[in-house]
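Note that chain A is present in both complexes that follow, paired respectively with chain B and with chain C.
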Partner chain A sequence: MRPTTRWAILFMGPPILLFTAIVVVPTAMALRLSFTDANILGQTSQWIGFDNFVEAFTNEHVRKSIRITLVWTLFGALIPPALGLGIAMMLQANTRFAAIMKSALFVPISISLVVVGQVWIWIYQPGDGLINQMLGLVGLESLEEAWLANRSTALWAVFIAWAWQQAVLAMILYLAGLTSIPGELVEAARVDGAGQFQVFRQVIVPLLRPITTVVLSLIAINSLRNFDLVFAMTQGGPVRETETMPMLVWRILFRQHEQGLASAVSLILFAMTLVVIGGLTWWGRRGSYVD
Partner chain B sequence: MTRLTKIRRSYALALIAMVALVAAACSGTSEDPGAGQVEVAHYYGSDLGQQGILDVNATFEAGEAVVSPIEHEAFKDQILVALAGGEPPDVFSYWAGARTQSVFENGHLQPITQVFDNADVWNNFPQALVDAGIHGGEPHLLPFGFHYVAFFYNPHVMEAAGVTSMPTNSQEFIAAAAQIAASGVKPIALGSMNRWPAQFWFDFLILRTAGPDYRAKLMSGEASYTDPQVVGAMELWKQLVDAGFFVDDANAYTWTDAADQVANGEAAMTLMGTWITGYWNGIGLEPVTDYDFFNFPVLDPAVENAALGPIDGWALSADAANPEGAMLLLEHYADPGNQLTWALEQGALPPNSNADTTQLNPVMAKALVEVGKADSYSFNYDLATPPPVAEVGLDMFQAFMDDPSGYADLLSSAQSDAQAAFAG
Partner chain C sequence: MSTSTASLAADRAHSTVPEHGTGRRGRTLRRRAGMVLIAVFVALYLVPVAGVLATSLKTNAEIAERGIWALTGKLTLANYVDVWSTANTVRYLINSFQVAIPAVVVSIAGGTLIGYALAKFRPRGGTAIQLIIVSGLFVPPQVLLVPLFTMFRSFDLLNTLWPMILIHSAVGFSVCTLVMRNFFEQIPDSLRYAALIDGANEGEVFWRVMLPLARPALAALATLQFTFIWNDFLYPLVFTSARDDVATIMLGLLNVKGQFTVAYGTQASLAVIASIPTVAIFFVFQKHFVRGLLSGALKE
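Entry: the complex of A and B
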């Protein structure tokens, strides 16, 4: 064996073993469980073929949860990146104010989602919550609402809390991306007569495409695996209106004890994640200036 | 020394360090107290009697109880993971009824006959509570505390509204609620954000109109959620909501929020278990002066008087590492003095009849009397029906509080979901 091969095995072996142990094996086990009627408390299980997948696609709660997750991911891919890019553009100037604002805006990303949830629960609280108090102050009492208990507002209320944090993640990445854009390109565009918007649209946005791919991928992954914040704020309620797929898996497993069905829903979520990330990677490479 | 030799030497040193670490870890394990140490997991948080458990464990001299308190809601998941993973605590708190039955049926408990014999649970505990611990013909759960669900109210609010005697039937209840509402206070607080607090309404409306036998059939799947008995109960509930007796946005609040609303006079009463007294005592409220209770009113005089509430107990894991020590600890938990210590702290009633109940505060003493007067004792909904079915009902109660007008659709969808859940 060549020395380089030996070194490759030495360095690659442990991570491959680790990856196999914590990703491949559990995924294979989930796949096996998804074809059984396993119960979390049960000691035995029966092979039931595709019954769990049939149940998943015909059950109205699973379908609703898939819908909620897709809507969340779609808006997650639009709102936080747009906000993040907007804030990054405003803060890219090398001023004292921008530096202070950047430090302040980094705070949300350093807080755990459970804490974020607790803060936003207070903001949305009926009666003495921040939003309702502000509405009361400006004479809009009629708009006061139990934001997290109302079935038509709960999902968006939780989404806004999540988007608030994700926008900061996008901002950080875009700030890094903006600093890597050569100033000469922007200058050249301006010399050629491009206005502010044209520079943004024709120069900055295309050059940020690799960063945008990273931002969208991270935010899509965070959307699809969103559990902590929903659990902290609503536990999927009211009446399952905020039940994202990870929440649904938790519920099927720990409340209904159906490990087989929970595994099947997890695999559907896994497949959705692969499709979304695959699509974003293809999109990123398709028009990348780096390529 | 070549570069490769240096690298090899570094690897050798790292390997030695790892072996040393593993050896140290193993030697640490062998120094553990062993048979005297009992691992205990429970769901009593700081507002539900955590200190009481510490006090009781402090007097366990036969060994050492190593306790892991887990937040009440999180416990429901964590214990399942521990049991399924084959590494459960020796002893864990659990809810009597369908939940214990579910764990028992899957072989995760071992009998505690020795505890029942040595502590003479058979004779020292009321028969209904002894029966609650029996699964498969053998004792599997030691009752540690039980509760009584009733209307807990703020006497100051009642007095201000001119309600001088507490209602005993539906007409009196509606009249009192209307009087309270006229005084500008919401008569009923309910915090159904976590769903379960709403179940007591469903429980009592069924128990008081259709009786415990019918309810038992509903809980076991022999009766249907679309039966006239259930429809009638939901209609009564809807009338109370439509009358504006409940706080707005009940689904926005937790049970402690509802308790706070009653305590600070925003609402007059809440239908809750006796554990609310522990919470109120903890925030400085005085029994009788600041809070009291009355029974759920009689809705049909022909229907027997059923008491309602959960029983908290202790179970012994089938995979317990220290079953002998665990049995001794359970005997310690069966002691009347220890049961009282915890009951006083938590706001529970001690199952051991030899506990000195003169130490209970007047409200809890009254609850004990009411349990004694009841014709039967029923578990609340989520402990009376299997866990997957309970999920269906709990969802329905929350949906009902969101929009009571659609209860007929809710019941028919609950019936089909419950049927599927019973079928497994």
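Entry: the complex of A and C
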């Protein structure tokens, strides 16, 4: 055995054992569960092959939650990164003023989604909610709404609260990315006659591509596993209009007690995550100038 | 770094001046106006944050009378005194620290050891090991809940803090390994060989030479992991729901929110108390955070 191999085992052995016990083995157990009809914890269960997956893809609630999760991920990949980049461009000057503004904007990303959910409920609620108060102030009482209880607005209401927080994550990463762009490149483009917008499109956006890949990956993961905010704000309601896949898994587990089906749905979500991340990684490599 | 930003900023200032020129005074005026606009934008963006703060400082009676967003009224710390002395707040906070501190330390220590071994010892099968550990980032927590529940129940660990400590430690290896492997890859091997020739063993090289270099990346991970673990409520909800005295602060907050008898002012002050540790850590480590995260997230 090479001496470095011995050191490698010494270094990696204990953490890998813990990781295996807490992540790898349970994932394998979930895979096994997904092929059974397990429904009461600890009871013996029957092997039923792909029935849970067939059920998952034909059940209207599961299909709806897949749709909600995909729509969320798509808009999640568009709105928070765009907003975050906009704010980062606005605050990129190296001044004391910009630094103070940046620090203040760190707050939304450091607070819990329970707190985010709580305050956005107060913004959306009927009666003394902020939005309805503002509408009342400008004489638009007719537009007042119970935003989180209305089937057509609930999903977007929760999404906006989430995007409000995630845009800050994108901003933080883009700010770091912008400082790494050489000023000479921007200058050169200017000398060549490029306007503000052209510099942004032809120089800044392409150079930010590696950062964009990181931003999109993080936000995609957060979109796909979006449970906390939905749980804190609507628990999937009204009438399952905000039931994302993790929220649905929760419901199948703790209301219907069908562990087999819940495992199948959660593994479908895992597979979707791998596909999305794989796609983003491919996209990031394809456009990279380093290759 | 600073020069390029400065020149970029200078560029932008220059290009916003109209061609016919209004001189230095016009430029200053434009900059001032820009600052005002930015400040207004940031203030509007932070209205939700201000809302929690303001609500926590109003009396419940006044909120009931005038509504949550009313701009009137006296400010008082009564809600804080109330929450601190009556609810289980202190217990919740202690529980959260008892989960977060060990889990942050173990996840970073483990991730650093794995990342270092992968980057510097390059063991056979290292790529496969890395792939498996980093894929942990993509496993939805819901996949793990049932098997872990069965497991912790058979070890009689339900309704203790152990499930959270163990899960956050292990799940954290994924991001910590990714960041630290990328970090140690960038450190030239010659540094390690030089120390080895001087008679140090691999353990000493790691501890005395490499680890001190990694301080910014470690600070970034500590911020990230602490925030993530402190703010989590899924695992406490599943594994400790039966006993209030082992609830973390986030679970406590969630439970209070569910009770309609609890007034807004009380909820808000508990929310503020729950947010202080992570907001404080972000303020202290923000420079490290950004740089450390990028050095790990972006290769080369």
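Here is the rule we use: the second predicted complex is superposed on the first by the 286 of 291 C-alpha atoms of A that agree within 3 Å, B and C clash if a C-alpha of one lies under 4 Å from a C-alpha of the other, contacts with A are read in each partner's own complex, and residues count from 1 in each chain.
What we mean here is this: a residue touches a chain if its C-beta (ideal position, glycine included) is under 8 Å from a C-beta of that chain, and two chains touch if they have at least 3 such contacts.
Computed from a predicted structure; not experimentally measured.
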Which partner does A:277 reach: the first (chain B), the second (chain C), both, or neither?
second
Between chain B (first) and chain C (second), which does A:128 come into contact with in this model arrangement: first, second, both, or neither?
second
In the overlay, work out which of chain B or chain C sits against more residues of chain A.
C
When the two structures are overlaid on chain A, which partner does A:62 contact: first (chain B), second (chain C), both, or neither?
neither
Tell me which partner A:237 touches in the superposition: chain B (first), chain C (second), both or neither.
first
Touching A:4, do we find chain B (first), chain C (second), both, or neither?
second
Answer with first, second, both or neither: which of chain B and chain C does A:146 touch in the superposed model?
first
Taking the two structures together, which residues of chain A meet both chain B and chain C?
41-42, 250
For the complex, give me every residue of chain A touching chain B.
37, 39-43, 125-126, 146, 148-151, 235, 237-240, 250-251, 254-258
Interfacial residue positions of chain A with respect to chain C in the complex
3-5, 7-12, 14-16, 18-19, 21-27, 29-30, 33, 38, 41-42, 87, 90-95, 97-98, 101-116, 118-120, 122-123, 127-130, 133, 164, 172-173, 175-184, 186-187, 190, 196, 210-211, 214, 221, 224-225, 227-228, 232, 245-246, 249-250, 253, 259, 262-263, 266-267, 269-270, 273-274, 277, 290
State the interface residues of chain C toward chain A in the complex, per the touch definition above.
1-9, 11-12, 15, 35, 38-39, 41-42, 45-49, 51-52, 55, 67-70, 109-111, 113-114, 116-118, 121-124, 126, 129, 132-133, 135-151, 153, 166-167, 169-171, 173-174, 202-203, 206, 227, 230-234, 250, 253-254, 257, 264, 267-268, 271, 274-275, 278-279, 281-283, 286, 289-291, 293-294, 297-298, 300
For a test of understanding, state which residues of chain B touch chain A in their complex under the given definition.
76-77, 80, 83-84, 102-103, 106-108, 193-195, 248-253, 387-388, 391, 395, 398-399, 402, 421, 424
